[in-house]
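To keep things simple, chains are lettered A, B, C and D as they appear, and every chain counts its residues starting from 1.
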């Protein structure tokens, strides 16, 4: 939602077994390292014996030095609390790759928000199994890679994709209606870093042709679901969902058209939240702070 | 939505194979019988070779005589157009029975809208398999019948229910979280006249415990679906659906509580539309005019 | 919502004092001229003594001949019923001009829906008081006219705009965050053919800087309103409104950014409805069929 | 959202000028006093020079002793940080009075949620300027006071109301469509403790008859606003707002009826949040944690 990166802003995300004193420990540690906490969110799955999750956003005066101090100083605390953590700096933009097929609506939504400065991310490249959107992408000054995928060449194509993504030092991938199932091998290279938009309100209409099936069932709302990609198709942790009211007058084709609007809005929200380090996954769920 | 029955208002609902001239034929026929058309809605599944559905609402000056004339005069038209039709008078209130179990929210929503004059229906009785809501119901001056249902006594209990419903001359039944599956025998007695509220966004979470399953899947919206009851559990034509935003902080129990609000709103809308003869079913879908 | 113009589809919109027999008269007339009615909507302001509005959509077999017959034949009926009417053919695309200033989100929404075939309209030109969006517009193969407007040159600039619009045979104008108040003279040239998007939920925050004022008031929802432009600023007939949930964390700047999404969706809906001849104005209101 | 009071749960709400170390200071203090923080939310109006607001929810083992220790121990911290604070125990239910006039929908919404255990509050009495709802209220076992209000007797009536409210030891007041303007004298007795539901989307349609004016303006959404009562009519800090889609078919009367649903939902949310100590006011706005 911010329109500019704050050069002295950092974020700490942690998860550990709940116990008294964690907030005090973390906030005191950060304070001692020169951090001014701007926002802090936490969630405990169960006050009795559950897990504790926390996201702290803070400003640092002497950024590089302080950031380094925090990174080094947190290790013993993490050990003591059996804590997983990641520290994120806003000085560096994340690098996102977009995968598309032939449809442009989810792609354009990201490109607009990126160009308007609403989505603060670097987008060095777009990969597609078709050439239809090459011109669209290149008009934004972004590299376009056409990597065809067939049943026989899939493994090879994915290796090529991985190689290019690494070459561009990509942090995460937005599947903007890519329409191809990614292999376990590919997913394992970017765990919890691949966001897909499914064109239904999951778990309704898992799999292919959700709009046709929504039409057949006569639903009164259609939906979209943004989720992290895991090995199980359409079963990964849900990040965001939204719906749109329809009625009996909509043909299956018109559901598809109307659905684009809810797909792109839902997808863009999920991508932004991931980019802002707002999401922690636990089990097969997400916490969106 | 109207707060009073209009004594000279009637409605004609028809369905037939599409062909040119139907609107002209019907509206001219009604005009000749003294009707002033107040609202008219139509829907053609496919302009080429589909079905035609129409709902006309009209006022009649000399009501009883004109209504009778329409009823008699429409038969030859219906024959010619291979048309199914029903003619509804607003002079007579429909008679609705409510089935409940232990939860009161969907029941109270109907009773409140009924008492405030927003839902123009007669509610002569409530049937329950438990006694918990007897006092609540009787406080509204409505008869309460306790008919326990167990696996062994189900057939017998349903026969007793049917007998009472016929005795009270009931037109349709609202299952206000009744929590019992009705047999084919029961359903066949009231075809397209039984409205159920399912506590999920169908077809997601068909069957038992949808909130627990919604919790496990980590959805970001919970929903409710009002539908006509058919022989297939949770598979009948959908009348209305709505959703409510939730997040990771909701326990399964809290999803249940929050879900009540979307259940009762969705249910009350479906019951009102049915009561106002706004719904035509076709195949396993509904047209809501 | 349709993705292609139906070459044999036409629409008749009428308004007249209510009286019995109008639906019959119109539908019989159309049937006799060879029309197959595909959709028909009507609205009576008051069954007793009000106005009657109707929109009929129909297919014609021998299009040009039948269309001509309807156009000629309807005059005596219109006389008899004191009826205003317009007949629209889908064979011809409407021609829309877009006015913009510096912001691109509403412009891009229309261009995207136009290019994807969702918005079936011709867009021969965009007019702007700034040059910022020239490149964006021209990339879509659309002519861009830069007509600067200052207090002193406004009358002259509007004359130039009118001249260009006439030269391009423009049917209606979409003000995509144009940010200039149009004079009565200009508005009189395109009565009920200019659609504006106001960045608030009217009548809240009429006038300038609605997001700043929404921020000051601490509202929990922000909105957008698409309306026809009349001589009274922000007072024309409302076509569509929508809202977006916000909270205390949003700065005035962030309200502006978040508001873009609700602006463009609301605006695109209004433009589509106008383009599909779904709107009849009466008094200072709209009927959207 | 919880269905039971947690006997060992307490909440601390603070506001003070922002400065580094506040989160650390507060969380360490609470930890030392035996608190296990369950949820913590904060908001800084402006990271540079703004105000800091925080709400911490925590469990205490030796409740009475620890609660007392916190209450005593916080004073010097508050002094040092120029901090306003309140400490709330969940052991004690808040005591709410409801004011009504003749309409029952907002009243019933609160009573249902109260009886179902969803709204954990004590409701010892309802005060009304009419007798219409006496029976409804007393059926719930709640005392009903009829205090007529006329222009001449208003001051006297309010004195009587204040006296009764004090006698019942009332914490806050829910104006469930009370339809009377309260004097400054009355408001001063319960600052930021009176919640009103206004039947429009403020600041649109401030004052009387909002539905009639919404009808005249031809809006496409109607709304409701729950806000704290201040001396300026309909100008107090907004707690919650929501809207409902309507169209040209709605008469002014039907807007009123439809509006009830959005009023009661919006009102119930605001009352629940106040009751759960989720709201901090600042200036003329609210933070809802």
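Following the convention adopted for this analysis, contacts are C-beta pairs under 8 Å (C-beta built on N, C-alpha and C of every residue); 3 or more make two chains touch, one makes a residue touch a chain.
Keep in mind the model is a prediction, meaning the values are calculated, not measured.
Participant: Looking at where chain A touches chain B, is over half of the residue numbers used by both copies, so same, or under half, so different?
Facilitator: Chain A vs chain B: same; shared/all numbers exceeds half.
Participant: Please indicate which chain is farthest from chain C, where distance is taken between mean Cα coordinates of the chains.
Facilitator: The chain farthest from chain C, judged by C-alpha centres, is D.
Participant: Could you tell me which pair, A-C or A-D, is linked by more C-beta pairs in contact?
Facilitator: When A-C is set beside A-D, the one with more contacts is A-D.
Participant: So what's the Cα centroid distance for chain A and chain B, whole Å?
Facilitator: Result: the chain centres lie 42 Å from each other.
Participant: Counting in whole Å, what is the centre-to-centre distance of chain A and chain C, each centre being its mean C-alpha position?
Facilitator: One centre to the other, that is 37 Å.
Participant: Quick check on chain A: which residues sit in contact with 2+ other chains?
Facilitator: Correct list: 43.
Participant: Using the touch rule from the top, collect the residues of chain A that touch chain B in their complex.
Facilitator: Residue list for chain A touching chain B: 43, 201-205, 217-221, 223, 237-243, 247-249, 283-288.
Participant: Using the touch rule from the top, collect the residues of chain C that touch chain B in their complex.
Facilitator: Chain C residues touching chain B: 18-24, 27-28, 30-31, 34-44, 47, 59.
Participant: Inside the complex, what are the residues of chain A that reach chain C?
Facilitator: It comes out as residues 1-3, 104-105, 108, 112, 116, 118, 139, 250, 253-254, 257-258, 260-261, 265.
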